[in-house]
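Two complexes, one shared chain (chain A), two partners (chain B, chain C).
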Partner chain A sequence: MPSIVKPVATHPSLQRNELGFTVRDYEGGMSTLCAGCGHDSITAAIVRALWELAVPPHMLAKMSGIGCSSKTPAYFVSGAHGFNSAHGRMPAITSGAAAANRTLTYIGVSGDGDSLSIGLGQLCHAIRRNVPMLYVIENNGVYGLTKGQFSASADIDSKSKRGEPNRMAPIDPVTLALNLGATFVARSFSGDKEQLVPILKAAFVHRGFALVDVISPCVTFNDHSSSTKSYLYTRKHKVEATESNFVPKAQEIVAHISPNGHGANVTMHDGSVVRFTSLPANYDPTDRTRVMDYLQQHTGTGEVVTGLLYVNPSVPDMHEMNKTPDIALTEVPFEKLCPGAEVLDKLQEDWR
Partner chain B sequence: MQQATRVSAGVNDFAIKLANVNGTGSASANGLLMQSMFRMGLPVSGKNLFPSNIQGLPTWYEIRVNHRGYTARSLDYDLMVAMNSQTYARDVQEVRPEGYLLYDSSWPLDPELLRDDVHFLGVPLAQLCNDAFGDPRERILMKNIAYTGSIAALLDIDIAVVEALLGEKFEKKPALRDSNQKALHLGYDYAKEHFECPLSFHTEPMQANAGKVLVDGNTATALGCLYAGATVAAWYPITPATSVMDAFKEFCEQYRRDPETGRNNYFILQAEDELAAIGMVIGASWNGARAFTSTAGPGISLMNELLGLAYYAEIPAVVIDVQRVGPSTGMPTRTQQGDILECAYASHGDTKHILLFPANPAECFEFALKSFDLAEKFQTPVLMLSDLDIGMNDWVVPRLTWDSSYKPDRGRVFGQEELEKLKKFTRYNLTDELGVAARTLPGVDAKGAYVTRGSGHNKLGAYTETPDEYQEVIDRLLAKHKASADFVPAPLIENREGAQFGVITVGGCDLAVREALDLLEERGIPADSMRIRGFPFDQRVEAFLANHPFCFVVEQNRDAQLRSLLLLETAVPKEKLRSVLVYGGFPLSARHVVEGILSRL
Partner chain C sequence: MKLLPFPLGSIPGSEAGSARGPDKAQEAWPKRPGRTRALKPTDVRDPNYFHRVVDCQWACPAHTNVPEYIRLIAQGRYGDAYMINRESNVFPAILGRTCDRPCEPACRRGRLPEPGGDSQPVAICRLKRVAADLRGDISHRLPPVPAKKNGKRVACIGAGPASLTVANDLLPFGYEIVMFEKYDKPGGLMRSNIPSFRLPEQVLNDEVAMILDRGVEIRYNSPINSLKELLAQKFDSIFAGTGAPRGKDLELPGRQEAAARIHIGIDWLQSIAFGHIDSIGERVLIIGVGNTAMDCCRSSCRLGGKDIRVMARRPRGFFKASPWELDDAEEEGVQIVVNHAPKRFIVENGKLAGMEFERVEWDAGARKSTTIDTVTIPCDDVILAIGQDNAFPWIERDLGIEFDKWGLPVVNETTYESTRPGVYFGGDAAFGPKNIIWAVEHGHQAAISIDNYCHKLPVGERPPATMNLVSQKMGISEWSYSNDYNPSHRQKMKHVDLVERFKKLNVEVELGFSAEQTAREVERCLNCDIETVFAEKRCIECDACIDVCPVQCLTITRNGEEEDLRGRLSAPAVNLDQLLYVSAALPQTSRVMVKDEDVCVHCGLCAERCPTAAWDMQKFELFISYAGEETCNKQHESVPA
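Right, the complex of A and B next:
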């Protein structure tokens, strides 16, 4: 609970990023989630990614809705403003926030209940709008805070803790996002930080909406043997469809092609590069149709397809579509916003 | 119908009603007629009584001219222009005795529907237009302009003024201008030739409109938002609020596009629904932008959830509610004041909001601007309650003015400078005498960072489930709301010699109530009046209630919502407040008010 405070001591040998911050500077309050919760691992990956990217803490905006996942923005980057808003409404609130200030880096943390049920409409429209934000779904197939109901991402025949099977088809955020025209789509696993951190970094620099679905087992309600969102199931069935690194803007890109021979470099809008070191045969991570074909072929096999699956850095985000100035709208001086007395007089000439 | 309040028709004192089929182009012809009278300097109003439909259903337009300035809706029609066979039977009945009815005499009238006490003026509009125009659509459209010509002749409307307006309207379309002018004269000449023109009631030029403009409330509201410096607007299309955002967009395209860079100093987000629209406003305001949404009752219902968040987390938000008839979908194109209670207490839990009630487009401009100052000053949602009658009809109002010394009140926002002086920033304890706590904006300084939350929080902004900590914050919110009473627009109070009671009203009832007060005084029943313009209520409202043995509350809803709000939020005893309620969906008339008051005296 909030009374639990993290120790402030920082080891002098801790590495510093280009802003001079240690990784501790990207941490937040103590987590109040269950011990072993996948969400805490994701929080750690977010901390790592932000530290490595050297995002100034105060230039980050941490957005969330309601649920276990939505509590987590309090657990990273305490130097950033956070908004733990209302259930399923984070996408709209972030859309408005982003419209007002395009210079901040936005991360929205959500869960499968928050995103795929109560907030499904808002998620879809934030994707359509191409809001520049990293949208993380901490996906565990279950409602935790209300004690174990199925969520919309629960697989058919996956069972609840009490043994009750789910009969309804799941909503898969990855295929949904691709269908809606999302420009960055990835899936990962909370237990695979090595895969997750570079994906998060690429997602942060992506110029539009980046969806990262992270399977994040619920140790209390959905980590049993008949669940398809358990640690064990995910580890067993996880298929790393693509492998990728993130190379920041300034670094030299060394070609590294995986043993199977399929690789690709995708230059992001800011000049950084996502280097795919392994891809399936005939797979192009910038070709939506092929990605969807691949996912279609793997649907219903029980496999959990992971990796940075699709990226398209060339689609304009909402600010380019709106022709918003480069500075935040909140920085435009009032004198520029208010047309003044003379204009008011003149425009009323038409009101006769 | 009882003729209790009839003021006989005469020069610059009459009402006409035009019955049309919607989607046939009648709206622009009727507007032209009204605008011509405005240009002749007459006190005039136009009320569009239209259906929720694109084409084919009945629609009416009422014009009232009154040299004394009474331009609330009249119920006594001196001239009916009956252009819709569907409603003809009803329209004939609505003409006052000895009044006139203009009809299209291309076809014979149904003899059963004739009235002995009404003068029938037949103009073969279809025939005239069929002979003059070839294109079928044009023939339909021009019939409207043709009857406009006939009315101009009958009422002695300056035909040069009408011609000038057509010239301005079709400046870039000379062919259209020519056919309009032609149609106008077809009707005008026919009337001149066949009837004794003008009728006993007609127009004569006046000088009543010097320093006045003709504008609808939604346009004025949008202009207020523009001048307030709103940069983010989020909305979902809904009648009758859509034209607020249409106008805002138009103004922004003209005045907010950087001429050098072509960049837009505004962001209009068409949301997926009203849940999202208010969310966007809250997100933008959280970031420090002036942001607003425009909606109607159904949208307010959806926004309830997040209005509670904005209230509790203390985030400014401006909501323009252009009220229409509820409940549910109700009657989207009819007017009502049915959202008062919903807006006052929107959302679950203990919530109270600041409300502003404009009565006309000039106040829409003024109050829209004020909404932003109040929202930021008190860090809370502000709802401006306009209505369809104010929002979508053209009103004659004093020319809008701008005080160049205006500076937006951004409220208590701590920047780097203030933060530097603090050992530690916490969100809800750095309060001023109004109970407003200093806030910080994202992107300024890590020292100002905190987590905004709609869940229980203490005065430091931290999560809490402790009763005392929770109550401390929620009690301050109540104190803050009370403190805002002195900052909302003051009630307008008018005292009359020998008044025995008070009449309280709100918003668009204003003109009808003022006319009614004069009519009552003429009958020897003077009354004081108070028009509520803001909520929470201030001391002047309390005093007015205390100083009158009883008051009538005139409003346009079934459940006496303003009366309820007064009972809940002031010390007035229930038996002191009597209601006059008109809520069928058409704008209020003085007769409703006079009859309502007389029947309960």
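Right, the complex of A and C next:
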């Protein structure tokens, strides 16, 4: 019978992570996106990153809104929790979930429509709150699910598939996040997993809100010659501002910086390290002003600046700011969580 | 288990971790003028490339198109499946029971981890039997034999598989075949050495008759005692398929005195086949652990043997017998006794009373042994199954046929021609004992030579194999073949129960697959002939194929030397026999697409998920040329208009 189900057959020397899982154990259902969609490559990168980090599947929560991108949590880690929220409302739902159970690892997958149009306010406030989550924007510049209208991230003068130019200025999630005080900002490309996977790993362990904007070409509506979000355009104009690698906490860090450029080590909150092996002159990935200067200089050149651009692991996250309990609300005894009508009456009495 | 270096997110601190990205990687690769270090793009138009990917077909001496006939069985087209088989291996029903199955150890399914069990190849041989048993009447589909002969007469010595194949290939082109057989029945060792409980006489007779009845002039009871006399009969060509008819003897003390109860394995099996022997003593020792030994011990079980032991000099793992033949013998209660080296026959009162063995201990590779002690095992009969020799007392040494120092004729390995043009050897007579499927292939090749020779063409001029590649795409998510991976385990052959099978000598032990077993087993085949074909010009390097591949076959990386490139694959292969499929430089980054063919399950998902149809699933068909096809064309060309 013809079948599009991924065979259960595996490579004979498939590696296992420290939990005993193979990378296949982090897969999900078969993608129903268009063949060649950049989102599927990002899904594969997420699978790889979670497998390498050995995140227990049941300790992961996959959050999304509406759009092609928001379908993708169904395509990785079948064994995880998940919530597919209303359009653009994923940040609020994730904030709530994180408040209720801080022990889970949260990943929100969104798109340029879900995040930069209907959900822009939600995104901004999740950044302000420093919600502990990895927020991936699968950015393709079009509304693929509704047949290819421009999205808010489309560049001026880039053309639709029909040839109409876009006249409105784009919203750049990276500069937006830096302006709003985001503590982890990166941009990458679905066609470069060697860059993307280490960034995703660092983002997963980052204490607060980690924004990863990933250029993810839409093969059906926005991979043509006058697009600025196509595979070819991105490859030609991609500039790797920073080169970084992720060192898990358990591994010894060898102080070795590439002789070509200057480098830096940034120790994350959990003790793991992001090693920047190559940085532009005068670039400091922990100095917001310099990073914004650098991006400003590259604005309007047509270049797509990629890499882990800014990281600051020292800012308190939502839990610290709000002094939430160390454990998940599910672990708090019922009597303590819900002390009863008498206690409520007494509390209200105190406020009279 | 050896851990593999994953290129993604590699361990920091290593140099490899910092050289990322295609452009940087290109720079890091030193360009040396005048010296190409990169692999050349694979030429899939070379018939040998995809032929090697079809592991079973490549391993088969006759290159039977296994996946195609398995698909035909799946569709219930047993006659078609039989004909595909017959074209290359000539005796599908016989081989479906007795083949040495070089295809099965080669089968890719045996290299894939099976969930909850050992990796087992597809039961190719058993499926061949299914096709043969259910084929129906195919007589009208055999190539017609012309009434008008071409005037060439060919003598075949012996009526075994090699000679029969020569006749099969030459008859349709008008050759007159005269076959000389020593005994009164045809089949050669297929009749004399394979017991009827493994190969029923009717099955043998049917397939042999399929050739003989189409015009072979067979002369029974006609041993050739002098090649010189045969040459004098002015045949256009002579083919010797005389087998390796002499069983090796074991010259130990007591051999002569106890001769009445010591038998040479192949002679003894032959005597059973021709009805000259119908009993044996209760205690039997078989010396040797090859497949002949297995046939001897199992025959003993049926002729009155009660305590049957196969005496092996070496430990398990070093036996010549096929594993499944060992299993079948042990199932019948035969004891396999390891590490016993025969010393002498014990004779009491002028008759065999037992045998003395040295018990030995082997080093790790079973190369050197040390004796522990000596033991005596009483017995009534001893059967020697320690190998066979060729014998050519009938070839005069002054005929221009050279012999080597082992007394074998010098035979060309491609043309099967002896040093005397026009005289050919095949089967066990050519290069010593092999098996039926090799004999068939020798026959095919000798037939080509004979045809060339008779048409005064150089015998070294071999007709080339050709190939075809046809897309199997039927529509969106529709492929013409069953691309689903079926995790079923290999089906077990059901056997007649022990009491029943010993009642008569010729009760066939293997019952054949049931319809359900067949239906399950055919789905285990991975369709290795449905090839992934790549068109680099269309590739946009979106990684969709790489991401979806269940067995991590695919990698896009910079080109390089094979060893270096293999180290950079998504999952480096353990088995290096399969080739890498390397594309030309890709349009966007000049990297190359590399496919490791080793464990591809041919599921077609790479093609399914490719947005530009750069990958396609195409059926590879190999067309092997047989005798007559080329010479017909050549003659046609040479006829003036």
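Simple rule for what comes next: the second predicted complex is superposed on the first by the 326 of 352 C-alpha atoms of A that agree within 3 Å, B and C clash if a C-alpha of one lies under 4 Å from a C-alpha of the other, contacts with A are read in each partner's own complex, and residues count from 1 in each chain.
Please note the rule applied: contacts are C-beta pairs under 8 Å (C-beta built on N, C-alpha and C of every residue); 3 or more make two chains touch, one makes a residue touch a chain.
Given the structure is predicted, the values throughout are model-derived calculations rather than measurements.
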| item | value |
| --- | --- |
| Superposition on chain A - do chain B and chain C clash or fit | fit |
| Touched partner set for A:Thr301, first chain B, second chain C, both or neither | neither |
| Vertex chain A, arms to chain B and chain C (CA centres, degrees, nearest 10) | 130 |
| First (chain B), second (chain C), both or neither touched by A:Phe334 | first |
| Contacts of A:Thr103 with chain B and chain C, given as first, second, both or neither | first |
| Touched partner set for A:Trp351, first chain B, second chain C, both or neither | first |
| Minimum C-alpha separation between chain B and chain C after superposing on chain A, in Å | 19 |
| Overlap of the chain B and chain C footprints on chain A, listed as residue numbers | 2 |
| In the complex with chain C, residue positions of chain A that touch it | 1-15, 24, 31, 34-38, 40-41, 43-44, 48-49, 52, 190-195, 197-198, 201, 217, 219, 223, 231-232, 235, 240, 243, 245-247, 251-254, 256, 258, 275, 277-278 |
| Residue ranges of chain A touching chain B (in the complex, touch as defined) | 2, 56-59, 61-62, 73-74, 78-86, 89, 91-101, 103-104, 121-122, 124-125, 129, 322-326, 328-330, 332, 334, 336-341, 343-344, 347-348, 351-352 |
| Contact footprint of chain A on chain C as seen in their complex | 1-4, 6-13, 17-18, 20-21, 111-113, 115, 474, 477-479, 482-485, 487, 540-544, 546-548, 550-552, 571-572, 574, 588-589, 599, 601, 603, 605, 608-612 |
| Sites on chain B touched by chain A in the complex | 35, 38-39, 213-215, 223, 226-232, 234, 255-256, 258, 261-267, 269, 271-273, 275-277, 279-289, 291, 305-306, 309, 399-404, 406-408, 440-455, 462-464 |
